Amino acid sequence: MKLQHLLLSLLLLAAAATSEALVQDFCVADLTLPATPSGYPCKKSVTAMDFAYSGLAAAGNTTNIIGAAVTPAFDAQFPGVNGLGLSIARLDLGPGGVIPLHSHPAGSELLVVIQGTITAGFISSFANTVYLKTLIKGDIMVFPQGLLHFQFNSGKGPALAFVSFGAQNPGLQITAFALFKNDLPTELVAKTTFLDEAQIKKLKGVLGGTN
Amino acid sequence: MKLQHLLLSLLLLAAAATSEALVQDFCVADLTLPATPSGYPCKKSVTAMDFAYSGLAAAGNTTNIIGAAVTPAFDAQFPGVNGLGLSIARLDLGPGGVIPLHSHPAGSELLVVIQGTITAGFISSFANTVYLKTLIKGDIMVFPQGLLHFQFNSGKGPALAFVSFGAQNPGLQITAFALFKNDLPTELVAKTTFLDEAQIKKLKGVLGGTN
Amino acid sequence: MKLQHLLLSLLLLAAAATSEALVQDFCVADLTLPATPSGYPCKKSVTAMDFAYSGLAAAGNTTNIIGAAVTPAFDAQFPGVNGLGLSIARLDLGPGGVIPLHSHPAGSELLVVIQGTITAGFISSFANTVYLKTLIKGDIMVFPQGLLHFQFNSGKGPALAFVSFGAQNPGLQITAFALFKNDLPTELVAKTTFLDEAQIKKLKGVLGGTN
Amino acid sequence: MKLQHLLLSLLLLAAAATSEALVQDFCVADLTLPATPSGYPCKKSVTAMDFAYSGLAAAGNTTNIIGAAVTPAFDAQFPGVNGLGLSIARLDLGPGGVIPLHSHPAGSELLVVIQGTITAGFISSFANTVYLKTLIKGDIMVFPQGLLHFQFNSGKGPALAFVSFGAQNPGLQITAFALFKNDLPTELVAKTTFLDEAQIKKLKGVLGGTN
Amino acid sequence: MKLQHLLLSLLLLAAAATSEALVQDFCVADLTLPATPSGYPCKKSVTAMDFAYSGLAAAGNTTNIIGAAVTPAFDAQFPGVNGLGLSIARLDLGPGGVIPLHSHPAGSELLVVIQGTITAGFISSFANTVYLKTLIKGDIMVFPQGLLHFQFNSGKGPALAFVSFGAQNPGLQITAFALFKNDLPTELVAKTTFLDEAQIKKLKGVLGGTN
Amino acid sequence: MKLQHLLLSLLLLAAAATSEALVQDFCVADLTLPATPSGYPCKKSVTAMDFAYSGLAAAGNTTNIIGAAVTPAFDAQFPGVNGLGLSIARLDLGPGGVIPLHSHPAGSELLVVIQGTITAGFISSFANTVYLKTLIKGDIMVFPQGLLHFQFNSGKGPALAFVSFGAQNPGLQITAFALFKNDLPTELVAKTTFLDEAQIKKLKGVLGGTN
């Protein structure tokens, strides 16, 4: 193929490759529009800024009841993941810190330890089997979708991990908050969990629940 | 963990659990907005009323040509199923009642008999094999997606069933209505079904078709 | 089209419609082979028996700790649903009976009340909001995938419901069993749920947990 | 980057790019193993022959009852499409030829006319609306999943089209065959279609049905 | 069933078959509204025109740098495929024409040769194996999702093919255009492809790239 | 509920909760069996070891042509991700190290920088737009499925990142290897990429290609 021929026919190129102008490679969320079951409608105009995010760079504040912080980069924080079926969060665990028992209704989780020692586990629904591992720097662990799991700092110093999810918004349901941090009547909690009412009232007091 | 510590650090909790406020657990349909291939956009504000529905509580009127009634709770009737991939309908079959041959283009079906005796069948595309069963109270039967099937009351009294679908809107195409209750020319129906024109015209007359 | 012509050309028909013999309309589970992420391999030979099931016809035994019984027709019990993305279970609730707090990791749920009065609720992960409804005969309610929910008999006599799922095996994780019916150390349960150790030990005793 | 450096470090390359050896880019069907809901297990060893197929090159025999032939390249004929979610078939329509009313339970269809004039239509389940078009060479038409549709030669000479499907095995259920080419009792066909028994018996005779 | 009964009860029919009016069988794209990850919102009112398209009937102009033309019927050109998971394009290859090395990020491809001789190939990521075939009229070939592939006219006269995709918008990324037809700095192209800077600058000149 | 009652009815519990024993919460790959389109068949017996992996803990060897190493934990290395739709890899980039231009045919990618400074970019198929960002520790960036992208160390010291994928095996196709590290004839590479034959032969020499 001659260069001359190339140059001469360049003007004809755009017309030939008409499909080029119409491809939708991604769908950065327009959070101002109502979501749909598949995610948010797509923003019209995007830049490289839409595909990167610095919100996980700073450590979360672990001076709290759980000695830990979860900093998500789900679709609401990081609209670039909209429609791509994955997201990420940062876990900071102070000494003794705990990510309490929880599940993600809409996605499996993959954890990688960056610093410190973390013990993690999940509970299968088959015979309620517990799968428990102590992980060090560089280790990874997977938590299948929807199953109860937890992580806690089992080392001496602080610990850091990143957790990826197979969904743009995996959800997060912390069992203790679901039970004790709302207006679900104490009697109902007792009836559906076998817990004593005194225990329930005590934790409702701590976590801010009523009834 | 001391209760005091818990109480003291309570103020810090909201900030730590930032992901809590952003989760989209469900997507109740806003039927006033255009649908998308994944369903309707999500309503902004929901209550428990959005997740329950009483429209299937009353028996359908079976005093009609088929001696039967189908009462659906698909997304259009029950917006709470939007995005969840399942729906339900109530089948009332008077004595001799029939749900005519039909298919659901977008979902498999699971029937449970609540009252009476129902004979149901579906036709596979492999050698046109017929799978036929007579079902009594408490029996269930599954009808694979897109295949022609039917149900009829094979007992003496009325019959009742609930049918679930693996789609928020499975669709419903009744073969006789598709053939005889529209303006598809008689000649075309004959050509594509082998039926006699006299038969077609007769049923067009009964069901309200033209041409 | 003449009947004669039809009859004469009949012999040629099989050759023309060659695709007929090769369609896979369904995939009844062969439970003797290892499952895959999409379900079980398909049985070679099937009959109408494979698509119907009588295992939900009899009431479950509710003379137990929860005064209730869950009788599933998931893929393992009813291989006909394999690959079809839906399944069903029967809920029997004696007077005072309760289906304890639980979630289904892999599917949303749709409940229809057949007899009695059932109060049901689920807990969203957004602000831990509780969605609670009392349902009577014929009412339906939907429980979005992966969220904690419960049902209990709030009437005087026995209650019966059928629950459909948008998965051939939705899973079932009962929170109290996950916490107290295994060998997860009491200290870990306390650390990840805020529950008192005495409470945990008491319920481990009741439900058969150790450690 | 110097060429020397490139050459020197070549030996180290294989170790670095370890993921290269493990990728599963495709999954050509091993038809000797049982299928699963997601398709057939993958063949171990493949060649370029597995991804191409000449079975659609020859015209189908249209000397038959419908004056037409459907030649499929679904997974069973063309194992290379396994797991890829698409397939194709060749339609030959002699003068007056008809592809009778049918549906594909598991995939939408896209037709392109290569030769002749074809009139095609599908019937929606909304008000049984008919969407009908006469297509010439180069025209395309789409038939949404699971809906009844048909094609016939509306020109003078033979016609040829290729139809693609959004499934490796879309299925094919021809309405007339489902009704009249099996052992479904005449009484049942009548009850579920409103057709006269005489009409049914006549077509059972023609198409080879019994009962 | 008597005809009289049929006629008498006809008035009751509409009420009974209430689900009929609410089915969403398809979702023709409304291109004036923002897309979502599952496609465009659905047009309110449709006709048969929305499901057919004549834009592929005319040969593309092959008097250009590649001696070929790709004419797509993706969702942007043919809104009827929205939500249906398939689309099509027309390939015209003049003598010596080439569809340059490219991939489709979001769908597998199935090619059927209509005229001429086409040599096609794709490159697997396993050991970079090349699968290469020369195809004649009526032959088909499949190109698995996301893999690099190409087609070129290996006969004497012009060639024509249709390519179907398992996505309503498969995307199209031509490697040479991605490398040389934008403002990606020459140094970066060299660093990430091992190509010489002189080669890169030459092709940037030909294809219209800068930097 | 009295404790006595609880204890007395304990024996009845197992029978009631029959679904507990049949749930399939996960599907750890049995790599000895043939894969299917949805992944590998499930291992019969699993332990906590199956859900964790230490293979990413050690830095990859970056003394090679690209000054970088990719260490994957896809299904083949880490069978615990089978069926869960996500995986991860470790990127080590020595000073000046580069992950060459590549794409993942089957999944989007999410990168988090753990150490150093990484410049990353991807190329859209719309007008071949380049999205380029320089990322520091804690920054994340997303790369939409199937699009060409690259990463290189733009800092002084070594750099480390983890990349998650929305697929258990996203695939990896390095453009330079696909072009120059196989037996694809030089003439064909030239024809389909516009590269000069001399350039192609040079890189085939470096990377080990033939023809």
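Every chain is named by a letter (A, B, C, D, E and F) in the order it is written, and numbering of its residues begins at 1.
We adopt the following convention: a residue touches a chain if its C-beta (ideal position, glycine included) is under 8 Å from a C-beta of that chain, and two chains touch if they have at least 3 such contacts.
All values reported here derive from a predicted model rather than from experimental measurement.
**Q** Give the chains in contact with both subunit C and subunit F, ordered by label.
**A** In this structure, the chains that contact subunit F and also subunit C are A, D.
**Q** Compute the centre of every chain as the mean of its C-alpha atoms, then state which one is farthest from the centre of subunit E.
**A** Looking at centroid distances, C is the chain farthest away.
**Q** When the contact pairs of A-B are compared by residue number, which of C-F, A-F or D-E has over half in common?
**A** Match found for A-B within C-F, A-F or D-E: C-F.
**Q** Averaged over CA atoms, how far is the centre of subunit A from the centre of subunit D? Could you give it in whole Å?
**A** 40
**Q** Please report how many Å separate the Cα centroid of subunit B from that of subunit C, as a whole number.
**A** 18
**Q** Could you put a whole-Å number on the gap between the CA centroids of subunit D and subunit F?
**A** Chain centroid spacing, subunit D to subunit F, equals 34 Å.
**Q** Nearest whole angstrom, what separates the Cα centre of subunit A from the Cα centre of subunit C?
**A** Centres of subunit A and subunit C (C-alpha means) sit 27 Å apart.
**Q** Using the touch definition from the top, which residues of subunit A touch two or more other chains?
**A** 6, 20, 22-25, 33, 36-38, 105, 121, 125, 127-128, 132, 144-145, 147, 171-172, 174, 177, 191, 194, 202, 206-207
**Q** Taking all chains into account, which pairs touch?
**A** Going through each pair of chains, those in contact are A-B, A-C, A-E, A-F, B-C, B-D, B-E, C-D, C-F, D-E, D-F, E-F.
**Q** Please output the residues of subunit B touching subunit D within their complex, sorted ascending.
**A** 98-101, 103-106, 121, 123, 125, 127-130, 132, 144-148, 150, 152, 171-184, 188, 191-196, 199, 202-203, 206-207
**Q** Would you mind writing out the residues of subunit B in touch with subunit E in their complex?
**A** Within the complex, subunit B contacts subunit E at residues 33-38, 60-66, 68-72, 74, 76-77, 89, 105, 169, 171-172, 174, 177, 202, 206-208.
**Q** Please name which positions on subunit C make contact with subunit B in the complex.
**A** 1, 6, 20-26, 47-49, 51-54, 56-58, 73, 78, 80-81, 84-88, 90, 107-108, 110, 112, 114, 121-122, 124-128, 131-133, 135-145, 147, 162, 164-166, 190-191, 194
**Q** Name, in rising order, each residue of subunit E that touches subunit B in their complex.
**A** For this pair, the touching residues of subunit E are 3, 5-7, 9-10, 12-13, 15-20, 22-25, 27, 30, 33, 36-42, 44, 82-83.
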